[in-house]
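Note that chain A is present in both complexes that follow, paired respectively with chain B and with chain C.
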Partner chain A sequence: MEPILEVKHLHKNFKDFFLRDINFTLEKGFIMGFIGPNGSGKSTTIKLIMNLLRKDGGQIKLFGKDHITHEQEVKNRIGFVYEGNHFYDELTVTDMKRVIAPHYMNWDDPVFYKYVERFNLPHDKKIKDLSKGMRMKFSLAIALSHHAQLLIMDEPTSGLDPVIRYELLEIFSEFIQDENRSIFFSTHITTDLEKIADYITFIHDGKILFSQSKDDILDHYGLVKGKNELIDDDVKKMFVGIKQNRFGFEGLVINRTNAVKTFGDSVVIEKPTLEDIMVFYTRGNES
Partner chain B sequence: MHIIISNTSQVPIYEQIVNQMKNLIMNGELEASQPLPSIRNLAKELHISVITTKRAYDELEKEGFIVTMPGKGSFVAAQNTELLREKRMKFVEDKLCEAIQAGKSIHLSLEELTEMLNLLYEEDN
Partner chain C sequence: MMELVRKEFIMQKKYLWKLIPFLAIYLFILGENPVGFVMLVAALTFIFTVTSAAYDDRNRTDVLFNSLPINRRRLVAANYLTFLIYGTVNVILFFLISLILDRLTFIPFNVEPVSWLSMMIAVISMILLNSLYLPVYFKWGYIKSRIINFTVFLAIFMSGTMTGNYLQSHPEAVAALNEAYLRFITFPNSIQIVLPLVITIFVMYLSYLLSVIFYSKREF
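After this line comes the complex of A and B, so read on.
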C-alpha cells in the first residue's frame, strides 16, 4: 500500500542549523506524533512538507506524489493547522471562511457549519476576539471542511487547557475512523500522544532519533533507578542517558529485558513515559 | 461489554484488552458470533491507539477467541467450552508448577505448600 506521507533523505541548511537526512513514513489510517525539544526542527520539517520552505535535498511524497510537482492537488487533500494561524484579525468567523473556502476544490459549507455548531464558534465574532482555544477550533473547522485525507498540524494542542485538548483528541480519533485518513502532528505535550498516537517520530538537533510504533517504544524502553555504586564507565554505556545525584541514579535503557538481566533485583525498573524518553535522549549523560 | 484500561499498570495495554476480552468470552458475557467493535472504534472509545487495539485483536484471533472477516469485522469465535476449560486448566497447572518449583528451591515440603495454598484460598474468599 502506498504511504500517505513519505519523507526521504530530506536536507535543509540554514546558517546556524540544519536538518540532516530526515526519513520517515506514515501509512494510511494512523496517527503519527512528531516530538522533539524546542528548536529541534519540527516546524521546519512541517514547513518543508508543505513547501513553505525550499528544501536543499531529498524527496517528499504525499499520497504517493511529489509534493512540489503536484503541489496544488496534494494541498487540496491536506488539512493544515499551524501555530498562530494567520487569519485576518478584523474579519468575523463567517467572513474569514468566505475568504478561505474558494481556495479549496472540495470545500463543503454544511460540514463547516456542522463544526462551527459543534465547537460553539460564534459566527459573527471577530477573529481577534476569539480565545486561543476558540481560534484553534476555528483553524480545525477550516482544516476539516474540505474532505482532507491527511491532517498536518504544528503544535495544535499547545497552550490549550486539558479540557479542550481532550476534545481535540476525540476529533482526531474520529477523523481516522475512516481508515484512508491519517494525521501527522507535532507537539511537546507527550501525554496527548501517549493516549492516541500510533507512531512516534522523534527529532533532535535536526536528526531523526527514531520513528516507530508507540507501543514498541513504551514496551521496550526502561527507566532504571538504583544506587550510585552500580554505575561505572562500562555500565554507563548501557544507558541512553543517565542522571545521578547524591542518593542514586536514574537512567533510560533501550532494552528493558536486558536491564532486568543485568541488574536483577538491585534496581527498580519502570516503564518510561514519552517525556522521560525525550528528556534522557536530549540531555544525555549528566551527573 | 466493559473494558477498563489502566495507564499506570506495568501490563501492556494490548494485553489488558486481551485478558479482559478473554474473561468476557469465557464467562459468557460475550457470546459466540456476537459482533465486536471495529479496531478503530474501540481505539476511539478507549482513547488509545489503533495499533494497540489491532495487536489485541490479532492476539485474540491467534488464540482462537475471535475471528475477523475482511470487510465485515470481528466476531466472537464459536467456542468449544470444553476446550476452553481445558486451556484454563492448563494455565492453572502451569502456574502451580511454577509455585512448586519456587517452593522446592527453598525446600518447602508438600505439606507446607498445601497449607499455604489452603490458607491463601480461604483468604481470597
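After this line comes the complex of A and C, so read on.
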C-alpha cells in the first residue's frame, strides 16, 4: 500500500535559510504531528507540499503521485487549514463557501451545513466578524466538506482556547476513524500531539531530526536528572541536550535503557514529554 | 473558469448595484459624449480589476486559490475573462441607459445613443489598459503594481506633453502624421475596424502569456 504522503530529499534554498534533505513518510490511517521551533521550516515544508513554494530539489508524492504533475487531482483529495485568514473578510460564511465549493469535484453541501450547524457558525455573518476560533472552525468545515482523504494543517490550534482546541482534536479523531484518511499538521502545542498523534516529525533549522512513532519516542527517550559530579565530557556525549545548574543536571537521552546501564540508581530517569524533547533538541547543551 | 469570474462579481456585488444609477446620473448630467464614454468604460473596468487585486492582496487569497485544485493558468485567464465581461456589461448598460434616456420625452434635452465607433474605441482602450496592468500585477503583486502603475501613467502623461511640444516645433512630423491618418481613412471601413481590433487582441494575448509566465513563477 502506497503512503498517503511521501517527502524525499526535499530541498529549498532561500537567501538566509535552507531546507536540507527533508525525508518523511505518512501512511494511511495515521496522524502525524510536525513540530519544531519558530522558523525551523514547518510552514515552508507545508507550502512546498501544497506547491505554494517551488522546491529546489527532491520529490513530494501525495497518494503515490507527484504533487505537481497530478496537482489538480491530488488537491481534490486534500483538505487544508492554514494559520491566519485567507478568506475574503468582507464575504459572509455562505458567500465564501459559494466561492470555494465549485472548485472541488466532490464538494458535499449537506456535509458542509452539518459542520456549520455543529460549530454554530452564523451563515450570514461576515468572515471579518468571526472570532479566531470561529474562523478556524469555518476553515475546518471547508476542509472537511469535499471528502478529503488527507488533511494538511499549519498550526490549526494555535491561539485557540483549550475548549475549542479540544473540540478540534475531537473532530480530527473522528476524521481518522476512516482508515483511508490521514492528517499531517504542524503545531507548537505538543500536548495536543500527545493526545492524538501517531507519528512525530521534528524539524529544526531546516533539517529533520527525527520522524518516528510517538509511542517509540516516548518509550525510548529518557529525561535523566542527577548530580553534577556524574557529568564529564564523555558522559555529555550521551545526551541530546543537557541543562546544568548548581543543584544538578537534567538531560535528554535517546536510549533510556542505556542510561539505566550507565548511571544505575545514581540518577532519576523519567519519561520525557514531547515538549521536553523539543526543548532539549533545540537548546542543546547549556550550563 | 466561470466560477472564478463569478467570484469577482460576488466580491464586488455591492458596487455593481450602484453602477446603473451611477451611469444614469452621469448621462443625465453630462449627456453622452464619445470621449467621456470611452474614458468611463475604460476607467470603470480598470477600477474593477484593481479593486479585485486589492481584495486578493488584503486577504492573501493567492494562498487560498493556489491551494485549491485550480491551475495557475486558469487563475490568470479568469482575470482577463472577468474584465472582458465586466467591460462588455458596462458598454451594454451605457448603451441601454443612453437609449432609454433618449426616449424619455420629459427630459428637456436629447441624450444621443452611444455610437458603434465609440463602443469600439471604448472596448479597445479597456482591453489595452487592463492588458498593461495585469502582467505587472502578476509579476510583482498588488502593492508594487500600484507604484509601477503610477510611474507608467505619469510617464504616459509626461510623454503626451513632450510629444505635444515636439510636434509644435516639428511641423514636418505633424504633416507625416496627417498623411498617415489620411491614408488610414482611405482604407475600407472593414479594415479600419478590424485592424485595431486585431492588434488589440494580439496585445491582450501577449499580455496573457506574460502573466501566465510571471504567475507560474510566483511563490506564496
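We take it that the second predicted complex is superposed on the first by the 287 of 287 C-alpha atoms of A that agree within 3 Å, B and C clash if a C-alpha of one lies under 4 Å from a C-alpha of the other, contacts with A are read in each partner's own complex, and residues count from 1 in each chain.
Note that a residue touches a chain if its C-beta (ideal position, glycine included) is under 8 Å from a C-beta of that chain, and two chains touch if they have at least 3 such contacts.
Source: prediction; values computed, not measured.
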First, second, both or neither for A:G29, with chain B first and chain C second: first
Touched partner set for A:Q72, first chain B, second chain C, both or neither: second
Touching partner for A:V240 - first (chain B), second (chain C), both, neither: neither
Touched partner set for A:E179, first chain B, second chain C, both or neither: first
Partner chain in contact with A:K271 - chain B first, chain C second, else both or neither: first
Touching partner for A:A197 - first (chain B), second (chain C), both, neither: first
First (chain B), second (chain C), both or neither touched by A:S213: first
Which partner reaches more residues of chain A (counting touched residues only), chain B or chain C: C
Chain B versus chain C as contact partner of A:V260, first or second or both or neither: neither
Footprint overlap on chain A, where chain B in one structure and chain C in the other make contact: none
Chain B residues within the chain A interface of the complex: 7, 10, 12-14, 40-41, 43-44, 47-52, 55
Partner chain C, residues of chain A touching it in the complex: 47, 50-54, 71-73, 75-76, 78, 80, 82, 84-91, 95, 98-100, 102-105
Partner chain A, residues of chain C touching it in the complex: 3, 6-7, 10-11, 55, 58-61, 63-64, 66-71, 217, 219-220
Complex interface listing, chain A residues touching chain B: 29-31, 169-170, 173-174, 176-177, 179, 194-199, 213-215, 218-219, 270-271
